[in-house]
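Here's the structure, in structure tokens; my notes come after.
Which chain is which? They are A, B, C and D, in the order written, and residues in each are numbered from 1.
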Amino acid sequence: MFANTFGTHLRLTTFGESHGPAMGAVIDGMPAGVAIDLATHIQPSLNRRRPGQSAITTARNEADAAEILSGVFDGKTLGTPICVVVRNTNARSSDYRPDYYRPGHADRTWQEKFGHRDHRGGGRASGRETLARVIGGAFAARLLPPQTRVVAFTRQIGEHRALDVPGDLSTELIDRHPTRCPDLAVAERISQELLECKARGDSRGGIIELHILNCPIGLGEPVFAKLKARLADAMMGIGAVVGVSLGDGFHDATTCGIDFHTGIDGQGPAAGISPAAQGIQGGISNGEPITLRVAFKPASTIGSMAREGRHDPCIVPRAVPVVEAMANLVLADLLLARRLNQLP
Amino acid sequence: MFANTFGTHLRLTTFGESHGPAMGAVIDGMPAGVAIDLATHIQPSLNRRRPGQSAITTARNEADAAEILSGVFDGKTLGTPICVVVRNTNARSSDYRPDYYRPGHADRTWQEKFGHRDHRGGGRASGRETLARVIGGAFAARLLPPQTRVVAFTRQIGEHRALDVPGDLSTELIDRHPTRCPDLAVAERISQELLECKARGDSRGGIIELHILNCPIGLGEPVFAKLKARLADAMMGIGAVVGVSLGDGFHDATTCGIDFHTGIDGQGPAAGISPAAQGIQGGISNGEPITLRVAFKPASTIGSMAREGRHDPCIVPRAVPVVEAMANLVLADLLLARRLNQLP
Amino acid sequence: MFANTFGTHLRLTTFGESHGPAMGAVIDGMPAGVAIDLATHIQPSLNRRRPGQSAITTARNEADAAEILSGVFDGKTLGTPICVVVRNTNARSSDYRPDYYRPGHADRTWQEKFGHRDHRGGGRASGRETLARVIGGAFAARLLPPQTRVVAFTRQIGEHRALDVPGDLSTELIDRHPTRCPDLAVAERISQELLECKARGDSRGGIIELHILNCPIGLGEPVFAKLKARLADAMMGIGAVVGVSLGDGFHDATTCGIDFHTGIDGQGPAAGISPAAQGIQGGISNGEPITLRVAFKPASTIGSMAREGRHDPCIVPRAVPVVEAMANLVLADLLLARRLNQLP
Amino acid sequence: MFANTFGTHLRLTTFGESHGPAMGAVIDGMPAGVAIDLATHIQPSLNRRRPGQSAITTARNEADAAEILSGVFDGKTLGTPICVVVRNTNARSSDYRPDYYRPGHADRTWQEKFGHRDHRGGGRASGRETLARVIGGAFAARLLPPQTRVVAFTRQIGEHRALDVPGDLSTELIDRHPTRCPDLAVAERISQELLECKARGDSRGGIIELHILNCPIGLGEPVFAKLKARLADAMMGIGAVVGVSLGDGFHDATTCGIDFHTGIDGQGPAAGISPAAQGIQGGISNGEPITLRVAFKPASTIGSMAREGRHDPCIVPRAVPVVEAMANLVLADLLLARRLNQLP
């Protein structure tokens, strides 16, 4: 649980302050021999997260160009630590005051905890730190089997909830609209609302839904490192997240066991597999689809600062690739852990 | 995230299979000099979790008597690892078949993952493992300041939701009723429903609410080990948990920022502290009350096995001390971590 | 480097104070499906270390009977944590005074560090703790390929040095003499000297030599977890050890490169393999024999206490199985680590 | 023991291949508020290690200019991860062939372990990696009390051994001569020998001695993380190191206890402190001076490659700051660990 490192076997360490020289990531534990191309596998994920993509995101304009400093040679991983850095180029530090704690932000608690902080743009508590997670997730994704799909999308922003969601989601489909809501009618209403929010200094939260399809069987370790626990830890480690559920967990908690646990068979090829288990039984993946819901509170910058500054009225669309990245990190880490479970 | 160890500085390792010789815990990282008395500090927590407490819990009757094997001398911790064991005495292994995967349980995924399992009573995947967490939590609680209160209770079982909950909750108050629901009228309805459930082989889930009052300021580490992430990890590591939220997180996700972030002040002693932040800003505790909701799915044993076997129709009441234990472990671990944040 | 846990993938946690209720070990990370029999695989190693074996060891008489509490079922490991305990039965605590720091022992530094200690028999700083390492090593040995041989023996005690050492060492051969010196003529002289030492309250140190034959290729991780570094850490973690060298490292340091690096070939099947490398190049095993020397200082209990108390005049013979155990733990841990180096 | 990370509380992760874009370090766990100036505290240590310093070192000419990318603001550490990078500028990759395993080097074992390697200049197995350790050590040193002195020097190269060593060693004194041997007469003979070695393609090893004066009391954790074990691990993790001893451990192993343990007193202020204990009792520092000897084998590059290439005929002089850096890292890590031993 070290502060800046995520994962046990595949370990992502992130570094960097929002207005410092650079953000970056060290990925250690990556096996050797994995084909990696910066332009194909890493930069596209960063571009999905980067600011300045549309009218509904912050105007801070960062190219977020990644450079690999180590660990990759001749297009393949070396089994050594991979360091990737992204320079900060468009910081506007004068927007921030050292003697002012922005309401609802990390400013005060970090100041009290460390006695010293980089007040410029939230320093390391800035959402900008998540670009390093996206880099880590892009490497992690390279370890997953090709048939495994990890796709997140905007299920809800404010009171607008996507209903018409295709079964066969893809990044392309989700990125058709800047809100990353695949129900285009709802997406338009969200877009409209966010523009109004921005104009009047308001903000919105929402719910991101994550689908994991064809998850390798056997991911998750007994007792404390259950797959669901690792996913919850990963998601709650994202700034504005205030809730995580497997499927519609808070609703399921109110149902009868006889209704909930239907369709379970004690015999045959699917013996013991529960359709209601959201792909995880005893903490371990059973190969069935996994759905995770991640709730974000409304962004903390409101009022005049929101109207005048460079802020997202809602971080949910840009958080979609971050949610995917964290899921990829969890799955890849547990995939490595699985190599240690049995005698070869 | 090692499978059987929880925590970084205060580390709980649990061991034991449900029908093996014993369950146990090793607590390492406990500072020296902490006064500990088995009868006063440890056994009472175990008694709250133990089976056979009332008509609405399993009939397996275990004394759950703990023995301290190491790490405590002369009534105080030595700073060395503390091992505590509880012998299994009332196992009825003939209830379980090695060739049968109980639907909805861990049987099949564990078998596939390890290729070998103790099928008796779920082996290590049994809820009985949580007694070791309760032991760990009891030690962890000894590290928290006396004014810090960590109290969990049954907020909801099935559709029955406690409404009349006193502000000043205590263990005594919560344990007045075997359901651990402090709204006694609702508690009675729950009790009635669980007896009916048991009779017809049905089961129920529910929601446990955790209150942390007077939490020390500065708990939670930046980025990945945020207090909320550690709590989510801790709770989702409990068997039947399917959701975790800070306060009513899934509802908060639908609100406007202007409504949500009210009452925040940029000046004065509370400058920057957000009433809506549920006591955690930037991942770090700010001293305000923390509320966590933990959703449990209905228990997996239904039908004839539920009618005839020794199972709880709803594990929520017995999970209350487990939720508290996990919270205590998180808080104590982060309290130790906080000692490393600044120069002395 | 946590205080009481050794290893990363295969993790041994030891617990117990010398005069407390029990000593014990938790072994976690052991893959499932490994055949284990207490009487065959564990107890014999403990018997080699246990006190009261001969006139040259302490008179404390402990059966050191191990009990497995968890993690093994039906003769095979479950992939869950294995807890093994050994009760303390023959402690004589009245020999020790809380207000007296035994010269040369851990008493004073532990007291200052923890502010509270179990003064009876050295508490946890007692050499008795190493029985838990022997247990751990016995499990670790089960993970090594059958052709791998890990054998330690007494190379030197005081000024008596074994010269006539058979090339094909085995436990049986080494245990022919209670000194564990395979050169029987020297062994007799050592034995005589230790009896004299004991009589006059003197003590001796010595050198244990460890041979690893048919070591799996590829053990050791780059940079910090080099095989030699892990072995050095393991050995220097034993109480009285004051030096470790690969082969005769301190002599090799004085030689010319041209003499030292002879017989190396840049071509053919052995291309790049150095005979002088002691089986480790770039920190990684190359399959050639490894020799490690471990220096022990003279035991600290001298004078009247040594004459009257229950102490070994030289711990080297009983440390032989401890050195082997630590080596087994290192090798097994790195063998698991190796599973993560490349794509499968 | 993760491959590329050293330390538990203060964690140094190094990255970079010798001929890749850059070498670097991430230091995490550094408390906030530590004053750091690149030019004053970091660069001088790097300059001591850098190549091209004199006729007896490699001709590779690297400025080794460090850049801090994160974790330091306004001249003080933030408590966040510190990333420091050094660009590689003077690599001559054509000297190395992918299909050739340099005898005695890491080439072959790394190739077999990872199946893919950066053959240029040894890739990550190059001694150039140690510059990142020097960076880490420079930060670690900032955590030690000002009166603590960590000084290493060349005690011996080949058969030339420093005899006339001043009691009050300092960096200035040691750096008076490029051999880092403080006995100037011996230093001159070493220098002469190394020039001859280089001319005929020979190489030398040697012994570095490390003195730790005024070590804080209470460093070292019981059982596995003893101070001496951590130091041994640290030193044996350096490329060419083949032996480590506390004082003259291999000699001490041959002495009588009565001679060795002289001058110990059971009473008074120094009760229980052993002059022979080399400052460490029960694995924990007692405040007395610590001496560590570190043996290096002769450098592996000999013959024509040594005559023509850019190699050090003896790495000992340049390894002196690396030995100090590793010691600083161990001490600072254990100093942080000590904060967790007792109740505050």
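Quick note on the criterion: a contact is a pair of C-beta atoms (placed from the backbone, for glycine too) under 8 Å apart; a residue touches a chain by one contact, two chains touch by 3 or more.
A quick map from chain label to UniProt name: A, B, C, D = Chorismate synthase.
Computed from a prediction, not measured in an experiment: that's the story for all the values here.
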Seminar exercise, completed: Note, CA centroid farthest from chain C's centroid sits on chain A
Seminar exercise, completed: When B-C and B-D are ranked by contacting C-beta pairs, first place goes to B-C
Seminar exercise, completed: Rounded to the nearest Å, the gap separating the Cα centres of chain B and chain C is 39
Exercise. When the C-alpha atoms of chain B and chain D are each averaged to a single point, how far apart are the two points in Å?
Worked result: 46
Seminar exercise, completed: Residues of chain D that touch at least two other chains are 2-5, 14, 29, 32-33, 79-80, 113-115, 124, 222, 341-342
Problem set entry | Touching residues on chain B, where the partner in the complex is chain A | 1-8, 14, 100-110, 112-115, 124-125, 129, 156, 158-159, 197, 201-207, 217-218, 220-226, 228-237, 239, 241-247, 249-250, 252-258, 260-261, 264-266, 271-274, 276-278, 281-286, 293, 295-300, 302-303, 306, 313, 333, 337-338, 341-342
Exercise. Chain C touches which residues of chain A in the complex?
Worked result: 9, 29, 31-34, 79-80, 222, 336, 339-344
Problem set entry | Residue numbers on chain B that touch chain C, as the complex places them | 2-5, 11, 13-17, 20-24, 26, 28-29, 32-33, 67-71, 73-74, 76-83, 85, 113-118, 123-124
